[in-house]
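Below you'll find the structure, written out as structure tokens, and then a few comments.
In this document, chain identifiers A, B, C and D correspond to the written order of the chains, with residue numbering beginning at 1 in each.
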């Protein structure tokens, strides 16, 4: 296998704390992962686990306090703002909240053209590209002249995807991109993600708390728990036959939309919980 | 996803709408606001009168004629009379407008430029935050007026210099608004997205942040304009600065000194100043309404409003715990007509049964739940239908009766646990308050009961949680606390509005288990509002699917999952990402010569 | 010649008095701003035995709080109302401007006028009971002379002070200073308790030889000053009020409000409101004529700043441009037009001079044209807090003949510097009645405050030389008249008006002073009937 | 909480030094005219220089400041250049007057504001409209107009209250009350208006919060929700506005004092500023900065007390 597109080694993220001489708070405690070109790595975890922070660190939006991030063979860990800007044509983002990820006062066209214009595209060329992008994400051409508030959540997320695609990136960090969407919209947006990947060969770092979503789109999955990746591997293995107790718990906690199957799962979960509780107790006993 | 307090009135897909209507700019909205139009016109009139100050009156503002001393109103050539020095009051009044406007312009524009720049820099760049904040605090603490007077020799008493200095003193106000907005906007994801897109900081500030900050700043500037005029007048009233410049303050001072000789002279400038200031304040208010949404209407804590022609049906005894029939809930549009967001919903819940109320956002499920509870927002109106709880009509029931019912027979679990606890009281005192209202127990007994309940809902250290404030416990714990509060009076009906949506999936499972256990223990009926079919499959005996304010399908959970009758239900079920779909195509690597999407 | 006289010697009175008093000069002349003058006989001696129901307390107002009671820091003007009651002065000014002995019994000059002998009363005591004698006066005067402060200038010609016995004071001057006599009615005429003078607290708790003593408990510095009558004062019977409250009210309207609300007994009011007070039935009013003069000081007589003023015709044009009757009318009709600087009551006054500059705009214009200024010119004038209300009318009068005025706003604390700066060719100012000797020193001497450009004239120098030797005011009338005429004919000044003053009195009270200057003497406030 | 208070005090101290030093620096530009004013008619270049040296004002600002600050630490702010009155004695008597007016005005207007604001926020309809109308009127009618009307009607014509002047509480409590009545009414008018609107706004925001709905579903009465919960939660923002209003009222006291001839802080400051009485000006600065910092500190502490979340910092 060739070198991966993105490689994170021992990645740590810590935020400074307001106040005199307070130590920074570490959110991510050294994680390793790789993403190949055209591949989707799903990152799944619960709130506060640090999964979103990992994505933001890759994007340069969170302070990396340790480890290294390598993109396409280059170490981008300590890139300056200028270098980061140059990297923007390679790495892009789609955020969770379709409402706050688009500037309410800019038209869709202006939003989409912005990354192109800052990279020196001329106006006419950028406009053509914007129309292509809208087409690519399944929005009508007249959408360019409209403001975000005229669009539904799903449509906005399509705009956000188009914006990410605009400079032709090779990696898109997707931070819970469908969590805020309605069920029916969620499915179509997911499909769009997959279609685009197939079309353009872009790689995804796909962050989500929803195992079903991750399972749907990822080639490989990493499970984050308290700032560490506790389990990583091919999607089928991690989501069907997890090894780590936390992954097991996570899997069984998600209800299946099938009354009969869910009854079974609930029973499994109760059993697992009892088992883990017993183990904990033993561990405590051993400790004591 | 906080619970909507107002309905989603705009259809989700707005592309086909008339764009002009939707994209009506702030300006167009402003010109439709009578308050803005009237006050704007008043200001404009003042400006025009000021510009005509050399045209309308027959005299210059400083032309003093002995024969015009204290002339009464309506004298020839002196429409508003003459002042103590024989000057044309009208001329002075009109020139005072110009002084006021120039004062406002200087004061406000300096505050605006400096404040906005500082606010943007301090709000956006972390490293400048502290120094800029210090600077603003110092400016704010400065004994500015004192220095203004002491240092008069340096400014020569020219009101324009005074106003320029005053502009600096006003800077912290604008600065704080801009800074707070900037800090807020900087956290917006679209700013992150712009950064990731390679947009420079300058461009982000200019294009993304300034556009958002603009509204509040314009509003604040309007108020600053008014206060600059006020300060100029105040200083002129005190006689600080050049006496040659006609100004409202100087005129008021002259008139005040002359009040026993010619009482009317005081009124003109006072009224002009009052009206001008008022116009600016009210115009600023109108601007704020336009930019930031209109002034909130009062919030009444009473029984839900009902439509004029509403008449609740008589209770019928079908024996069900909850019978909702043909419930309609509407909101009044700005133009006055009622838009129904819940259109004739009917539901039935029996004891011990859990009804899943399922639908996508905006389908009206939460509004239905609130309608049953009688806690709809003030703006909502019940248009039709009936809600019968245990054989009793509760729709349109008086507040007192509702309160009694709520404390005993019907209870509610909200979606967002944190925001549903009062942040300033301990968990314990909030629980005790609810328990005492519903049971009339003594304080000590209520505390005992609260601790029991906390233990019952699975809180590991009830004593500690009892003493804790909401912000000191986790979301999952908070939801347990809310459940404890809800089930305290052993209600017959529990309405849970997306009780697990805000929680992690592992916590969700625990909470659902808890609810099921409590139901088994107390035999209550539950209405579980959710958009998650997994939760429905897990916990509901029957379900009702809502779309666009209507129930499109009801039935036993098993039946509906197996054989959905309505196409919408089918579509929803079809959209579920099921367990077995696992992506298995291999990662596709495009060849190097492959297409550059550009 | 008086070139050896220190410069600052001569602006000690009219201007300084007004500045220190902070009196706001309005056309209606609300309150008096002048030097102490008193009529120890007027009102008080007749009412030596007041009617049984006559009021025994008095509440009056001053527009400014006295800054200190330290002798060197005493301000003339309204402040004298309070400190004059506490310290009293050697002489006071009588109704016709004459010197009346008060703490003193008389004076005499040596032939060369360089030695002044004053005899004091022998029954003077301080409010702390100690006797007040010539030795205490000597100490007071030396303190004033030797301490930096507002009052120092008045004593700077004093070479030495001797107190040969308890009632005799001999003052030796370094140069002729005929005006000093008048100063004995003011700051340098007080006797303070020298034992206490060094105390820090003296500025707040003074001990004097006057008819009243400050009640430190009831007094709130800067707010109200309560004076208690001293029964051991030599002339205690002349003071009808056991307790006098002087309230500090800066705002003229507030003073009037207070009066109308019955909180003050006597106060100066705007002339136009006198009928209102009369018709209310609760008040009587007293009107006084010609108390202070309002004038333009055409200081730039040599044309240093504005060459036009070197031309006599231009200065005369200004005099012709002033509608003096209009100014009087603007002041509510109280007062009279002024065509010369000397007050009608002084010996320098010459009725013939009143017809030199009638109001004649055409004449003024043609004079300007003759002088080559047909198109006019523009000048800077200082806008001083005390004269602001007059500025509109001045601006207009000068504009009518083509002279444009730009007013420079001068903060109050810079008033004196502005006057002295020599930056202003013309200054609008006012002065209260002065004895001739002082008038000459303040208006015409080379070092006078109102001669900031130090203009000299051979003819005038000769007159001044003669004037400085005058020790008997009555004998000098002719010289004073000549000096006055010099001023008028050379148009050094453009007099505007002598203003009057109106007092409103509550029932039972009567303002008994006859001149506005007496409004700063407690003796002027009496009981009715 | 203690740490929080200490930090705020330290912050305030640094702020105090910076602001007072800057003020002194700016004042140093007017030393000459201050002394000219003190010397009155005796002012000239020589005498000014002499007195400047005499008073020690010819030294550099840092030296002067060090001396002044040492004095502050010892509770000695120097004495007036003009009256010789120690600043520490001059300020309190004027302050007593202004506080006598601003204090009650603040309390009354806060009570009115609470009453009107809560009423408007919870009643709606014509009650809200009337209350808002009253707020607007109070806000727009110039204070001076109110003052003069009150004086003319109640003092001059009816004679119920004194038109001018101030009696200390110690001298005669009843007279004191009479002497402050009209000024207090005048001041409370505007103060209440701006605060009431704020109270209304924060109350409505609070009443729209989720927890209010939850309390309603528990059967808690409307009164308890408003008084016990919404009001307590709005107290934080309201207090901040009250603090600002207090400082503003203090600042605008000058105008009221002029009309009613009250020997208060505003008039005193104004006169002192006109005179340029340097030691007193520095004293006033110290006081003003201290007041602002103190009020803000009190508000922060009160907020901490009211809002458990704020106690964390």
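Heads up, the rule we're going with is that a residue touches a chain if its C-beta (ideal position, glycine included) is under 8 Å from a C-beta of that chain, and two chains touch if they have at least 3 such contacts.
These numbers come from a predicted model, not from an experiment.
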Notebook entry, point to check: Counting C-beta pairs in contact, which comes out ahead: C-D or B-D?
Noted result: B-D
Notebook entry, point to check: For chain B and chain D, what's the span in angstrom between their mean Cα positions?
Noted result: 30
Next item on the list: Could you grab the centroid distance between chain A and chain C? Build each centroid from C-alpha atoms only and quote it in angstrom.
Entry: 89
Checklist line | Approximate Å spacing (C-alpha centroids) for the pair chain C, chain D | finding: 40
Next item on the list: With chain centres taken as the means of their Cα atoms, state the distance from chain B to chain C in Å.
Entry: 66
Check: Do you know which chain C residues sit against two or more other chains?
Finding: 253, 411, 414
Next item on the list: Find every residue in chain D that makes contact with two or more other chains and list them.
Entry: 33, 258, 274, 276
Item checked: Touching two or more other chains - residues of chain B -> 153, 256, 259
Next item on the list: Can you identify all of the chain pairs that touch?
Entry: A-B, B-C, B-D, C-D
Item checked: Of chain A, residues touching chain B in the complex -> 36-40, 46-47, 56, 59-61, 81, 84-89, 91-93, 95-97, 100-106, 111, 114-115, 118-119, 129, 140, 142-143, 145-147, 149-153, 155, 160, 163, 165-168, 180, 182-184, 186-187, 190, 194, 197-198, 200-201, 203, 209-213, 215-219, 235-236, 239-240, 249-250, 252-262, 266, 269-270
Check: Tell me, which parts of chain B touch chain A in their complex?
Finding: 1, 12-15, 17, 19, 22-23, 188-190, 192-201, 203, 207-208, 211-212, 360-361, 475, 504-506, 508-509, 512-513, 531-538, 557-558, 561, 571-579, 581-590, 594-598
Next item on the list: Mind listing the chain C positions that touch chain D in their complex?
Entry: 7-8, 11-12, 15-16, 19-20, 67-68, 70, 73, 75, 148-150, 152-153, 200, 203-204, 220-224, 247-251, 253-255, 257-258, 260-263, 411-414, 416-417, 420, 449
Next item on the list: Spell out the part of chain D that touches chain C in their complex, as residue ranges.
Entry: 33-34, 36-44, 47, 50-51, 54, 79-80, 82-85, 90, 93-94, 97, 151-152, 155-156, 159, 162-166, 168, 258-261, 263, 267-268, 271, 274-276
Margin query: If we count contacts the way the header does, which residues on chain C are in touch with chain B in the complex?
Written below: 26-28, 252-253, 256, 270, 272-273, 276, 323, 326-327, 329-330, 383, 385, 388-389, 391-393, 395-396, 399, 407-411, 414
